[in-house]
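Here the structure is laid out as structure tokens; the discussion comes afterwards.
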Amino acid sequence: MSGSTLGTLFTVTTFGESHGPAIGSVIDGCPPGMLLSEADIQPDLDRRKPGTSRHVTQRREEDKVEILSGVYEGKTTGTPIALLIRNEDQRSKDYAKIANSFRPGHADYTYLKKYGIRDPRGGGRSSARLTAPAVAAGAVAKKWLKEKYGVVVRGYLSQIGPNKIEFKNWEDVEAEGNPFFAPDLARVPELETYMDKLRKSGDSCGARINVVASGVPVGWGEPLYDRLDADIAKVMMGINAVKGVEIGAGFHSIEQMGTEHGDEMTPEGFLSNNAGGILGGISTGQDILVSIAIKPTSSIRLPRKTIDVEGNATTIETHGRHDPCVGIRATPIGEAFLSLVLMDHALRHRALTLAGATVR
Amino acid sequence: MSGSTLGTLFTVTTFGESHGPAIGSVIDGCPPGMLLSEADIQPDLDRRKPGTSRHVTQRREEDKVEILSGVYEGKTTGTPIALLIRNEDQRSKDYAKIANSFRPGHADYTYLKKYGIRDPRGGGRSSARLTAPAVAAGAVAKKWLKEKYGVVVRGYLSQIGPNKIEFKNWEDVEAEGNPFFAPDLARVPELETYMDKLRKSGDSCGARINVVASGVPVGWGEPLYDRLDADIAKVMMGINAVKGVEIGAGFHSIEQMGTEHGDEMTPEGFLSNNAGGILGGISTGQDILVSIAIKPTSSIRLPRKTIDVEGNATTIETHGRHDPCVGIRATPIGEAFLSLVLMDHALRHRALTLAGATVR
Amino acid sequence: MSGSTLGTLFTVTTFGESHGPAIGSVIDGCPPGMLLSEADIQPDLDRRKPGTSRHVTQRREEDKVEILSGVYEGKTTGTPIALLIRNEDQRSKDYAKIANSFRPGHADYTYLKKYGIRDPRGGGRSSARLTAPAVAAGAVAKKWLKEKYGVVVRGYLSQIGPNKIEFKNWEDVEAEGNPFFAPDLARVPELETYMDKLRKSGDSCGARINVVASGVPVGWGEPLYDRLDADIAKVMMGINAVKGVEIGAGFHSIEQMGTEHGDEMTPEGFLSNNAGGILGGISTGQDILVSIAIKPTSSIRLPRKTIDVEGNATTIETHGRHDPCVGIRATPIGEAFLSLVLMDHALRHRALTLAGATVR
Amino acid sequence: MSGSTLGTLFTVTTFGESHGPAIGSVIDGCPPGMLLSEADIQPDLDRRKPGTSRHVTQRREEDKVEILSGVYEGKTTGTPIALLIRNEDQRSKDYAKIANSFRPGHADYTYLKKYGIRDPRGGGRSSARLTAPAVAAGAVAKKWLKEKYGVVVRGYLSQIGPNKIEFKNWEDVEAEGNPFFAPDLARVPELETYMDKLRKSGDSCGARINVVASGVPVGWGEPLYDRLDADIAKVMMGINAVKGVEIGAGFHSIEQMGTEHGDEMTPEGFLSNNAGGILGGISTGQDILVSIAIKPTSSIRLPRKTIDVEGNATTIETHGRHDPCVGIRATPIGEAFLSLVLMDHALRHRALTLAGATVR
């Protein structure tokens, strides 16, 4: 238990359930003196929020964030920053039908078995809605990383179902009329057609998200175990529906030769980035490259074989409001978690270097 | 800094460098009353140790482990168990040549930049040799998991370079004359030919290791952030040379439909295991399926472009003794880290259930 | 930084400032299945809240707690329990006068020097008001300890200024017309006279609080460093204004002989309790006896020599609303922190024993 | 369980039992680049070691420390520093007589009840001998604090049994022919007479140790819970036999008025130090003043009432080799633990200030 806090020096503790009164997070360890207001946080929440297109859940949540503490006269004070988001559009009755059986591929089953009690409303604690407080906290980390180091953390959808999307440019990712964070605006119509067909079919599909952090200085990461890549893998695999994490060349490195994989160095810098910006668990100064696999949504309309809470065979069809592909909204989530890890490691590394500096 | 401890209730702290006086680990949190001696630990160290075939480094290390504490009259006492391994075969002079430049793909560069000082002998702290103390600690976790829960943790080499190896049976993995932990003895001659050619070429290759834990009860894992899959991803990505981690269907789940991926349930159990035994970050009771990608060794004989510590362009050829594929010895390492995570979560979950039990 | 979380398995993270929008806490690790509502928490908040008598600050705060998460259909779910208390009666202008100089004995100075920024309103984060969220969390721990183990945690005021108060009985402590948590109702009139005189004088005084936990089973505490007495000392010394902590005989043990101090044992139990219920950092099964010293309030009306933020000599008189003796409201605070430590150690110990049990 | 690690950024994990093969510690988080050798550590071990006078246990232990890792070419590398001390003079047979009953005031009872198994040889893990690895680690922290900040951590014996010793000067504390760390050499003959009489009587007595840290900058400590005073209280109460901890005026502050206790400030500095150098959990820049109460040794020759492991009434006399007053050797132990806390907080604070600095 007590697994709801992330980080060592920059810690984030989240709370809440999909259909409870509120969700939120407490950031402890944000350095003092940074200008901060709700306006710095709301944009990322808006990028993640439901109901923004026909391709995502139609649940209506404004996800308005309120800063409860840690800011005085517009600046962070170094004390805990509490962020509160009230839940608004709850249709708990939607879940009456499924409250007594388990959705294949969903945490319904494991939560009930683990805790002996379960909040079936929208998946309770296991809902992807709980990524919102992390996105809010991530926006604080993102701002600090940018202001202090010029680090920019960005992501995009690189594949949805069978559709691979080559990276074209960052502008397209955030462009009007691109509900997918796809890195090539020209591909959007085709993706919309695919998603419309999928939605009508009552099935769901998976996706791949790539997240890139530029400007990270060399030296972040605390081997042997709190390596930068290890902590990135932890938070990324911890995102709802994620089943795989790659850094740099990832699984492709299995078939590479050493002469191909090892990034050669010149006085002008590295000649490639198979390492994904991390060697020995420590940042190299190159872009940090992370890619994650997101499984298809488990809440689908098509009937599936399952059991009820008494263990009897039954079938289940999940109606109500669900994302046919949770990957569509996952880009800001991936950015947020990568930002949280980088901020924590920035502080950990600074403690070491500064401390070491004057002794040397 | 202080990133050399793993775990919450069952913690492992390792120390040492490749060419220092000794390496070792301190296990804190092992329950009392378990029979334990060096004989329980040495076999996994022997499976990992160098010099066991022509396909791995020829460094001669007996890797004899000594239990320094935590055991009285043959039983664990519940106090810290310190495990010591003396380094024996150190040829530090081998590193004189490369001490002033960086191996592409190696932690040489990042360690020097981070710490401002570096132990070039065999990679110092960043050496794969430092997996030995973790393997020793993992053997203790493995024994406890087996005795208390009947959990069995096993791994195998599923791919080396371009050669994919289908799983045939567990007997083959540990069979005489199988230096690769390959799950199909019939494939060994072909793999040996491949490795001999590779070694002579002076290049290196990558590999894929699969690790499976059978018998894990439903309920292990502490959402939201200390999820079982998240902690597995952290330790696996933290193993030297690992660039990717998958649970269950992993990256394959991107192209699966929800109707295909979600494991249907019947009174007799699940009908498939795309989840890899984990839903919502909590074990389902099915086998835990983990797969990792290992990059090709960075220390190779072929010349590579690089820079020296002053930043000048140069080339480097790494002679001395190195594994042409670190994946060959990675199977017991993957088993050890998975065992450490499972043991920690077993204890964390028991605290919760027991605690909750009588209140309910 | 990030020092606002207590505990290992039962963690409490608090947030807020004296005059911000709200204060609160997030409990992570509460076992599932316990009946819980605001009615279980409010009574301890009411015992601590200001304005309950003329002897404490006249600030009017209802301190109404709202449970935001972690409870479903009246029962804890095992997920984080967020507790919110809105601030109501803020007279920030009271602090304009003192915003630019430091109160002798107050955290004004150290907070500004540490963080480079300070919220002067009511002491900001350093205010004793921040004990309220801990008292709320402590009420949850208290309930669980009582229901599951029959552990009862109670405290009383044993000295205020020069007035020592012998323990008479627990009824008196909570009796009507006893604003001091004094363990002898007959002493109350004399204490009121003393406090009235003190208040009029514009000065302040110190106090001693004793806290007792009955029913704690033998075995709680995790040596060597997370000993039960060590963790109790940490949280108690961490309470605002506390300058000393004793367990059992405490400082009196300096002048005891071994033959006097060591509690002899018989088949019927211990013959004394100089140990205060803890030996070797582990509970003995006897009452846990804790005593703390509380310094006099630093915010007083009488003029004191000090410096302003520019470092110039000045004098300061603190008007506004303050407790002439913070010890008067400290009893429920001491109970809460002791309860938090006991609950965390209950869970930690259970993980060990259960885990060990079947191996032995 | 897993309570054998101290610290957040500068962590120390100890292992070993009084009569096992070896004891030791692993320091993780020591900054790189500091000159370090056994010669920096041995002196504090020698100050603590047994057999140095007739007033302490006659067990003969050289307590020679070996650095196993973390140092390369005489300098710390930033990687874990493992310190090993082999046990030499073990007379386990001395404990045969008492192996089946419990010493009043000793951890015998609680260890057996907690762990269900116990190492009776010299108290096993609960032995004061286990302070040696912490003293070794403390010497590393002490050196860094002195070199980097000019912080000096020193202690002395301020009372033994009924004999209070006024502080005269630091030279006397370390003077030849002063086996007590008494701060007034003139008092030593009287103390020796007292101790000789006590030893012959077969009884034991308590003591008080004062520890002072000079040169600590303003700003160390991480409120609300990882306050500097809170963490000091934790480690000090965690030292064997300690029953009370005071900071500054300590329990004396109960009877002080606010006008007396609050340390007035002038441009030249504070006019007094009742705070003991800590306000709001943060260092003020004044000396850190800590005082601890040490109970009388529980292992005494005089017969005491107790029970055996079956719970039957019996009496016990403890022969073998024991300190009649553990306080005599406690001064270097108190210094070590205070140094460990200060070092950890130095690093934590630097992470914050540096991080904040450029944002402000």
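As written, the chain order gives the labels A, B, C and D, with residue 1 at the start of each chain.
Operating definition for what follows: contacts are C-beta pairs under 8 Å (C-beta built on N, C-alpha and C of every residue); 3 or more make two chains touch, one makes a residue touch a chain.
On a predicted model such as this, the values are computed, not experimentally measured, just so you know.
The chain pair with more C-beta contacts between its two chains, of B-C and C-D, is C-D. The interface formed by B-D recurs in A-C: of the pairs listed in A-D, A-C or A-B, only this one shares over half of its residue-numbered contact pairs with it.
Between subunit A and subunit C the centroid-to-centroid distance comes to 38 Å (mean Cα coordinates, whole Å). In terms of their C-alpha centroids, the spacing between subunit C and subunit D amounts to 26 Å. Chain centres here are Cα means. That of subunit B falls 45 Å from that of subunit C. Touching two or more other chains at once are residues 1-5, 8-9, 14, 29, 31-33, 78-79, 114-117, 125, 223, 347-348, 351-352, 356, 360 of subunit D. The part of subunit D that touches subunit A in the complex is made up of residues 8-9, 29, 31-34, 78-79, 144, 147-148, 223, 346-348, 350-352, 354-356, 358-360.
Residues of subunit A that touch subunit C in their complex: 1-5, 7-11, 13-17, 20-24, 26, 28-33, 66-70, 72, 75, 77-82, 84, 114-119, 124-125, 347. Here subunit B touches subunit A in the complex through residues 1-6, 14, 102-107, 109-111, 113-117, 125-126, 130, 159, 161-162, 203-208, 218-219, 221-227, 229-238, 243-267, 271, 274-276, 278-285, 293-298, 300, 302, 304-307, 311-313, 348-349, 351-353, 356, 360, going by the rule given at the top.
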